[in-house]
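Each in structure tokens, the structures are laid out below.
Each of the next two complexes has chain A plus one more chain, namely chain B in the first and chain C in the second.
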Partner chain A sequence: MSKARISPLRSSFVHLALAGYTVVALFPVVLTILNSLKDKNAIFRTPLQPPTAETFSLIGYTTVLKQGDFIGYFQNSLIVTVISIFFALLFGAMAAFALSEYRFRGNTLMGLYLAIGIMIPIRLGTVAILQGMVATGLVNTLTALILVYTAQGLPLAIFILSEFMRTVSDDLKNAGRIDGLSEYAIFFRLVLPLVRPAMATVAVFTMIPIWNDLWFPLILAPGEATKTVTLGSQVFIGQFVTNWNAVLAALSLAIFPVLILYVIFSRQLIRGITAGAVK
Partner chain B sequence: MSSAISSEDTIGIPARPKRWHILVFLLPAFIVYSAVMILPLIETLRLSLFNTVDGQSTFVGLHNFQVLFGDERWAADFWRALKNNFIFFAIHMLVQNPLGIALAAMLSIPKLRLAAFYRTAIFMPTILSFVIVGFIWKLILSPIWGITPFFMDLVGLKAFFGPWLGKPGSALIAVSLISVWQNVGIPMMLIYAALLNIPDEVIEAAECDGITGWSQFWKIKLPLVLPAIGMVSILTFVGNFNAFDLIYTVQGALAGPDGSTDILGTLLYRTFFGFQLQLGDRSMGATIATVMFLIILAGVSLYLFGIQRRVRRYQF
Partner chain C sequence: MGSLNLKSIRKAFGNHEVLKGIDLEVKDGEFVIFVGPSGCGKSTLLRVIAGLEDATSGSVQIDGQEVITTPPAKRGIAMVFQSYALYPHLTVKDNMGLGLKQMGAPKAEVDAKVAKASNMLSLEPYLARRPAELSGGQRQRVAIGRAIVREPKLFLFDEPLSNLDAALRVNTRLEIARLHRSLKATMIYVTHDQVEAMTLADKIVVLNAGQIEQVGSPMELYNKPANTFVAGFIGSPQMNFIEAGKLGDTEAKTIGIRPEHITLSRESGDWKGKVIHVEHLGADTILYLETEVTGLLTVRLFGEHKYEVDDVVYSTPNKAAMHRFGADDRVLR
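Entry: the complex of A and B
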């Protein structure tokens, strides 16, 4: 491993290429945030300069916070995301436990059935989902979104968690059984705490598509009271196309929470995607 | 092995009590998943065979599909959306995945300094929502702001700048490249992980045989990460044929200019929901969703039964 395999010349080429692409990846976001803190003249005259004392202005942010109910949108997104993840993890872990722990007729079939959703996107059922939500009076409620996102998160949660649950030692569970623990106690008190790292990975995976989704909020809950942050900023920015301060500020407001979470959880996320290959 | 266990199950413990807890563990997930995902999917497929005749929902067989494929009001839009969707997918396969492989190959060089930083930074756009990405790029490519012409001027290409998102000839390519910019992190990470999982002995053996550098990448590493590349391709396929958000954000529901960026997702939205003067049509919406389902199903089956089984896997 420690042999010098790469000449200094090649190594600098590699750094040049990677640094170049890093700039391409970061530049648009940095540009947006920098310009959201400037006044209108500076946005157009010197778009590439960071805000200075003269050009600094929060006019965009004050417009956005006055006009749109961004706090309300955040609340909606937060409620929907947290509750959906909670149920997807709880129900997913329970089903994963049943599939990995017990041998019963139809086990494989049930596993396959629950895995269909990994590949077939839930969006294709939208026509009938909307019909069902209309019939049950759930249109324009957060409950509709929570139901859809829980269902959307379940297949991958079950798949990943059952892989992890197979690694929990049988001896431990059998010791629990001999001590008189019920199957439920074995699941909640022995197995769940042991698969906590996998639960965190699944949570991060499930969170991103839910937080960022535009399709279902647009179709199932477009009302003002139930708008999520993604839909809210989409509608808001669409109205303010000509007010560049407001647009840039709204974009920055939508970026910040995701960016902060990413900085905190990036290691967890990347480790999850690469299945532990990256330490 | 399995027969021994099952005979033990049936003979050894003849009167086992009903194991209700299995049902309790499975039921919540099964109910939510079936009620919100599988049944609506089946119902959507069923609806595609029905249409409203004289105010009543009537079974019309494959008539909706005939209309979608052949009727002059529908067919032009549908075939264009399908063609655009294939172009959208082709650009991802030709740009996003090779770029992802190249970035992964560079990142996986042992003892590369700053690798963790590059990795985190390049993956960042992937976690942003399509809405943010769409609007940011709309601003950057806008001739009003002038960021892009400024940069093109720096390299002396200003003459080639155009309002790409506004021209029918270039809009689809521009939108696809924005999507590539956002999603390149996924192939990069998956292939990066596959590259890191190649054991050192294999690489050392190659080096003993004098295979290094480029030829090592082509002859040793690339064949070993083919399963990961297959997986990335099918993920790209499913994602692309179900895409909607980015195009809706950048070009609106009409997927302009002049429908040149219309793909199946936006066509489904307009058809099912209606837009401006067009009324929503449930049956035709279900028909388009069914076509999308069949395309995705065909792709996934081809992958599972055709490609995934044939790709040679190496056990280390």
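Entry: the complex of A and C
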């Protein structure tokens, strides 16, 4: 395939803009990581300076790892995030398949109803959710968080996936029906692999708010055993004294798991795009 | 082992009626083609036979058995789609064998049948490839192979050649004709291309606006069209339609004459006219005339002829090949 020729001047402008955006996006992350490796004085005196031999200190990390059960917090966050994404994708894809594949009365209304969640934040229902969790005895369990986050992720998942599923060829599904595949087999074996790029997109969009959420862990599962990383980091932020070393170290550590998940999904995303098309 | 019987099939999407009562009988081993303009309901009819669409009312019998409530996989049919519809994640071999595997056939049997079908279609070199690594023609052959492997009572083809380029279309058409001869299976084929219909079919079903206009062998439809729609649809270039009044026929409303049933002369003839356009095709020469009596007239001459635009010519129809249609557009006998 021959490439259209772009003038070097224009392409350098494009790259300049992209590089600028990259710097803006990475700046706070890099600053956080740099400062997490310095001692307290250096953080305040020279916040933009990389750690030198004098100012280098791992005090933040040692505090974080000593105080509280940080490994446990990480584990909680991972469990909640991964399981929530799994259920949001599974149920979202199933609902999307039903909406895009079958003609039934109220199909459009149902689709709209399920999409309303995109516009109305789930936090408006916090009081009712809390009451529900108290009534079912789920307060201070990871199950409570998983249920809430699954519900939070569903609207977007259904909205995006149903659009993508409409693009899967009807002939392919019909060929499956003639070959004797059940509707479940058609869904899992024919349709899901073809919408994998969309699934990866949804996974990324669902994952980040869950990982970063402070609200629901604080309200539904503030117990020591069920704390998530975001909530766990809050112990270092006090009303009068804040242990900045520890906060920055905790935040730096919290970046990595989510980064790894992102890399996994984005590779799926690229593979999905480059895999052979139907025709 | 593969007859089909349709009785008053109706299908409506909401208030829009797509099929308005279709009755049809297909005998074992026949090659039947549904032909008609887009939107005439031919694909929907095929889908009703396959069980992919539910008919609003009516009955579908395959081999004398009512199948209207039978799921597609249990009807003993196989279908070839326009877009091939191969499973992108399976190899050619698995694509062809999936149907049998789902029915629970033993592996050895599946392998044997796949081998036989791929031999018929010369697909052996590609068995381990995935659909993405095949060309369009090869993909369509795999799709046909997938149908053969199932050894169905009824083959259904939904515009299988539409996505292929012209040269491949002719080859694949030959292949399908050969296949029909060697398998002796009942085949139902949907197309909007009347050349495919004329060349392949034992029996053509002309559909228009959800109704059957005429059923017959290709030559029956060509020589004895039942109405103006069939007369205009079958044959290329299209039949000339002339107002009967202009020719002094008071009984009929329209007179039809095929372009190939008109002779031309520079000296004398029935209708004097002027050439407005000429198409030289080598084997044929197609002239468009503006005649004093009939208005626009298409004439097809065999071989090469040296007519030019603005030449004055006389055209004479072969009276025996004229078709007379009444006020209801049906033929007068």
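The rule is short, and it goes like this: the second predicted complex is superposed on the first by the 205 of 279 C-alpha atoms of A that agree within 3 Å, B and C clash if a C-alpha of one lies under 4 Å from a C-alpha of the other, contacts with A are read in each partner's own complex, and residues count from 1 in each chain.
Just so we're on the same page, a contact is a pair of C-beta atoms (placed from the backbone, for glycine too) under 8 Å apart; a residue touches a chain by one contact, two chains touch by 3 or more.
What you are looking at is a predicted structure, and each value in this text was computed from that prediction instead of being measured.
Taking chain A as the reference chain, the count of touched residues is higher for B when chain B and chain C are set side by side. Look at A:P50: by the touch rule set out above, it reaches neither chain B nor chain C. Look at A:P222: by the touch rule set out above, it reaches neither chain B nor chain C. Look at A:L190: by the touch rule set out above, it reaches chain C but stays clear of chain B. In the superposed model, A:G20 lies in contact with neither chain B nor chain C.
Within the superposed three-chain model, A:A175 lies in touch with chain C and out of touch with chain B [touch as defined at top]. Overlap of the chain B and chain C interfaces on chain A comprises residues 275, 277-278. Residues of chain A touching chain C in their complex: 169, 171-172, 174-181, 189-190, 193-194, 275-279.
If you check the complex, the residues on chain A that touch chain B are 1-2, 5-6, 10-11, 14-15, 17-19, 21-22, 24-26, 28-29, 31-32, 43-44, 47-48, 87, 90-92, 94-95, 97-99, 102-104, 110, 113-114, 116-117, 119-129, 131-132, 147-148, 150-152, 154-155, 158, 182-184, 187, 208, 211-215, 218-219, 230, 233-234, 237, 244, 247-248, 251, 254-255, 258-259, 262, 266, 269-270, 273-275, 277-278. Those residues of chain B whose C-beta lies close enough to touch chain A in the complex are 5, 9, 19, 21-22, 24-26, 28-30, 32-33, 35-41, 43-44, 47, 102-103, 106-107, 109-114, 117-125, 127-132, 135-137, 139-140, 145-147, 150, 181, 186, 189-190, 192-194, 196-197, 200, 207, 212-213, 234, 238, 242, 244-245, 248-249, 265, 268-269, 272-273, 282, 285-286, 289, 292-293, 296-297, 300. Taken together, the chain C residues at the contact with chain A in this complex read 47, 50-52, 71-74, 77-79, 81-89, 98-99, 102-103, 130-133, 146, 150, 158, 163.
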